[in-house]
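Letters A, B and C name the chains as they come in the text, with residue numbers starting at 1 for each one.
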Amino acid sequence: MDFELILLFLQQGIASGLVVGSVYALLALAIVIIFKTSEVPNFAQGEMLMAAGYVALYLLVFRMVPAWAAIPMTVVVAFAAAALFRRVVLTQVARASGSPVNLVIATLGLSYVLKGLVRQTGFGDTPRSFPSLVSTESVMIGQASVTKLDLTILGTAVVVMAAFFWMFGYTKLGRAMRAVGMNPKAAQLVGVDLNRIHVIVWGLSGAISAVAALLIAPKLLMTADMGSVVTLGFAAAIIGGFASLPGAIVGGFIIGIVENLVGLFVSSRAIVVAPFLAIMLVLILRPQGLFGGRVMIKKV
Amino acid sequence: MPEPLLQVDNVTVRFGGLVAVNDFSLSVERGTIHALIGPNGAGKSTTFNCISRFYQPSSGRVRFDGEDITRLPASAMAARGIARSFQNLELFNELTVLENILIGAHVHCGGTLRDWLQAKPPAVMRHIDGVLERTGLASYRDQKARNLDFGHQKLLELARALAIRPRLLLLDEPAAGLRNREIAALDELLTRLVRHDGLTVLIVEHVMQLVMSISDRVTVLNFGTKIAEGTPQEVRDHPAVIEAYLGKEAAAQDPHHA
Amino acid sequence: MRILGLLAALAALIALPFFTTGYIIYVANLLLTFTVLCLGMHIVIGEAGQFSLAQAAFYGIGIYTSGLAGNAFGWPFPLSILAAGLVAGLVGLGIGMIALRMRDIYLALATFAFGEAMQWVFLNWTSVTGGPNGLRIAPAGLFGFEIVTDKQAYPVVLALTVLMIGLTVVISRSRLGRAFRAVRESEIAALAMGVPVRTTKLAAFALSAFFAGVAGAMFAIFSTFIHPDSLGFQTTILVLTMAVVGGLGSIAGAVGGAVVFGLISELLRQAPSYQEIIYGLILIVFMMFAPRGLFAFAGENLRRLTRA
């Protein structure tokens, strides 16, 4: 392979990778905020994204709701549904048994229910395409070709991330979330309502997943199985260090770029298995990820 | 005179930049009860965990009955006759009292295939029945550990350690949270184990009444460093100890101190 | 009293092929296979507390190993079954190594990733597994006698299931079973008691993979075709649901869950989207209200009976 081609592939891989990586970053963020506050990896994250995508599809295409209304509606519905799940189901599961394993199994249950529901409504039967709300005219950045849609995706994702981090770092709610993430008992002692925070965190996670869905849907074919993109979200979170928010973002971009580079340099078949290998390798070699800090010694 | 059963030489433990235990040495003579005390954060538990091999000392040496055990894994302790209890209770919660103690006797259950298949070798069971009697847990035999009240849970932790048939018993705050009646019973049990059965005990404890009552020797730690050592009376009157617990003014005002 | 009940059930199971149709025997074969899969999960998650989500991968390894042993080498089926269990068990041992360094949630993710990677291997290693075209499995043979129908396969499948249940009971009541439970409840205390925690974890993984491998061999005996689509996370979740419904912590739970849920899943096979919704709801409802499963109660009583 000559140098020219390598350079081209690199540029294209990085450019496209940053775009799709920004969406993975959002997904990883959604996963990590739940994990940080409740030690539960949400196996339904992908299905939450998928379901939100279908809600948006329904509103935009079947109900002809204009985009400026459909988008916030989707995000609100996602927030509410996720919060409701936490409030009704998980609170009860936590009460029935202290083990986080049971919470994980409950999220697995949710993922199946969501998938089945979407298939039931008939929408999920055939692959559908999501309308692009921004032009797909291409733009050249160096030697890489991206579309205006791509740039919008990247821009929006970055704005959402920034908004989230602002909320997390500078508001009372964000402070409470951080406290719960660090030490739930202590947070409770200073007056934080644990359940309320968990419900809000789940709602936020749902909302962020909805945004990610809206951003990625125009680039994918929509099927009921599209939730499988969550594996990339998990891989991103693990690479970044599962309990680290900035790690999730960085991990997302890394995964996006690596995915594109693997596709360009190796083969498209390899893309499917790469995230699984990445997950296993990171967990075996450096389980705390990039930003996880030292592995904690359990206090005996 | 035979060498001490447990010999800790110049152990230092560092966590990153923090020195938790600084050049600490300790000897525990056979058939005695030795207490390790000090204010919170003094490094007692860290030292304790080094001795029982859950932490790795950054430097120094730990010897048991002449053998250097500094680099051995924690799971090698039971076979050598070193048993420990845990500050925060590490019971097998979903298992019964009997099962908890049976696991304590794991190293005595033998290693042949036949031994692995046989759930309850008679010799082991006899010893366990004895332990159950001694600790007063016989009537709770088939109860799940998590269903016991706190006092009995602490007893179970001790019983499980005894099932190892230890020569050295390491106890991490066994009296914490116990009522006076239970502390008295613990006092009696430990005294009997040492005086009658020749056990050696190293105990980390905050409950001073117990420390003063049963200890043959007391070592005091503060900020990771040994500040006093001697009989319970000597240590109680030691100015550095009073200062560590109560502050400088209290030490200056102490009527015992000439 | 309960022993009599078990013997009666066994007698009924043995008599089954004489008064029912081939389809019912096929379902019985399937449920027996699920039972062995569930027992494997009971050992690794229920007994040893290692949250492994890779059962389908070992199941697949078992199917392909015994299928190929029969297809390519013409091995008699007892040998194929043993080979399937051993190969799967060895791979399980390897995967168990990663469990040594990881706690529950991370272990779940790593084993999930392994399971998916394995399915990709099944789909792409076309020369061995037939890839996306699937693999035709030749009838299992023993010195010239060939197993062609479900009714012919049934005695072998039933015998294997009884054997594996017996093995699970023996292990559970043994020193190894106690070691599993100790590691599950508190690794730290187990270490202090001299339990070799690392070896115990490896044993749990190897055993549960062995069970899954044998289950795969059982499938290969009564089936003629396998496709990698049936060997992914969906199948692992199915087995997990069975184990959860029945009760992860007891043998009776594993058996009961496999039978009950296996029946439900077979009935729902015609309507895949309903299937998904119902699986999901069952998982959710059980986690909310019956986290110990249906048969946990029965299991406790059984254990008290068998514990002299």
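Definition applied: a residue touches a chain if its C-beta (ideal position, glycine included) is under 8 Å from a C-beta of that chain, and two chains touch if they have at least 3 such contacts.
This structure is a prediction, so every number in the text was calculated from the model and none was measured.
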* Farthest chain (mean CA position) relative to chain A -> B
* To do: Would you mind checking which chain's mean C-alpha position lies nearest the centre of all protein C-alpha atoms?
  => C
* Asked: What whole-Å value do you get for the distance between chain A and chain B if each is reduced to the mean of its CA atoms?
  -> 48
* Could you give the separation in Å between the centres of chain B and chain C, each centre being the mean of its C-alpha atoms? => 43
* **chain A-chain C separation of Cα centroids, rounded to whole Å** => 33
* To do: Please list all residues of chain C that touch 2 or more other chains.
  => 188
* Structure fact -> Touching two or more other chains in chain B are residues 54, 86
* Do you know which chain A residues sit against two or more other chains? -> 300
* What residues of chain B sit close enough to touch chain C in their complex? -> 52, 54, 73-79, 83-84, 86, 90-95, 99, 102-104, 106-107, 109, 115-119, 160, 164
* **chain A partner contacts - residues on chain C that touch it in the complex** => 51, 98, 101-102, 104-106, 108-110, 112-114, 116-117, 120, 124, 188, 237, 240, 244, 272-284, 287-292
* **Residues on chain A engaged by chain C in the complex (per definition of touch)** => 35, 39-41, 89, 92-93, 96-97, 99-106, 108-117, 119-120, 124, 231, 234, 238, 242, 269, 272-273, 275-277, 279-280, 283-284, 287, 298, 300
* Residues on chain C engaged by chain B in the complex (per definition of touch) -> 170, 173-176, 178-179, 181-182, 185-186, 188-197, 249, 307
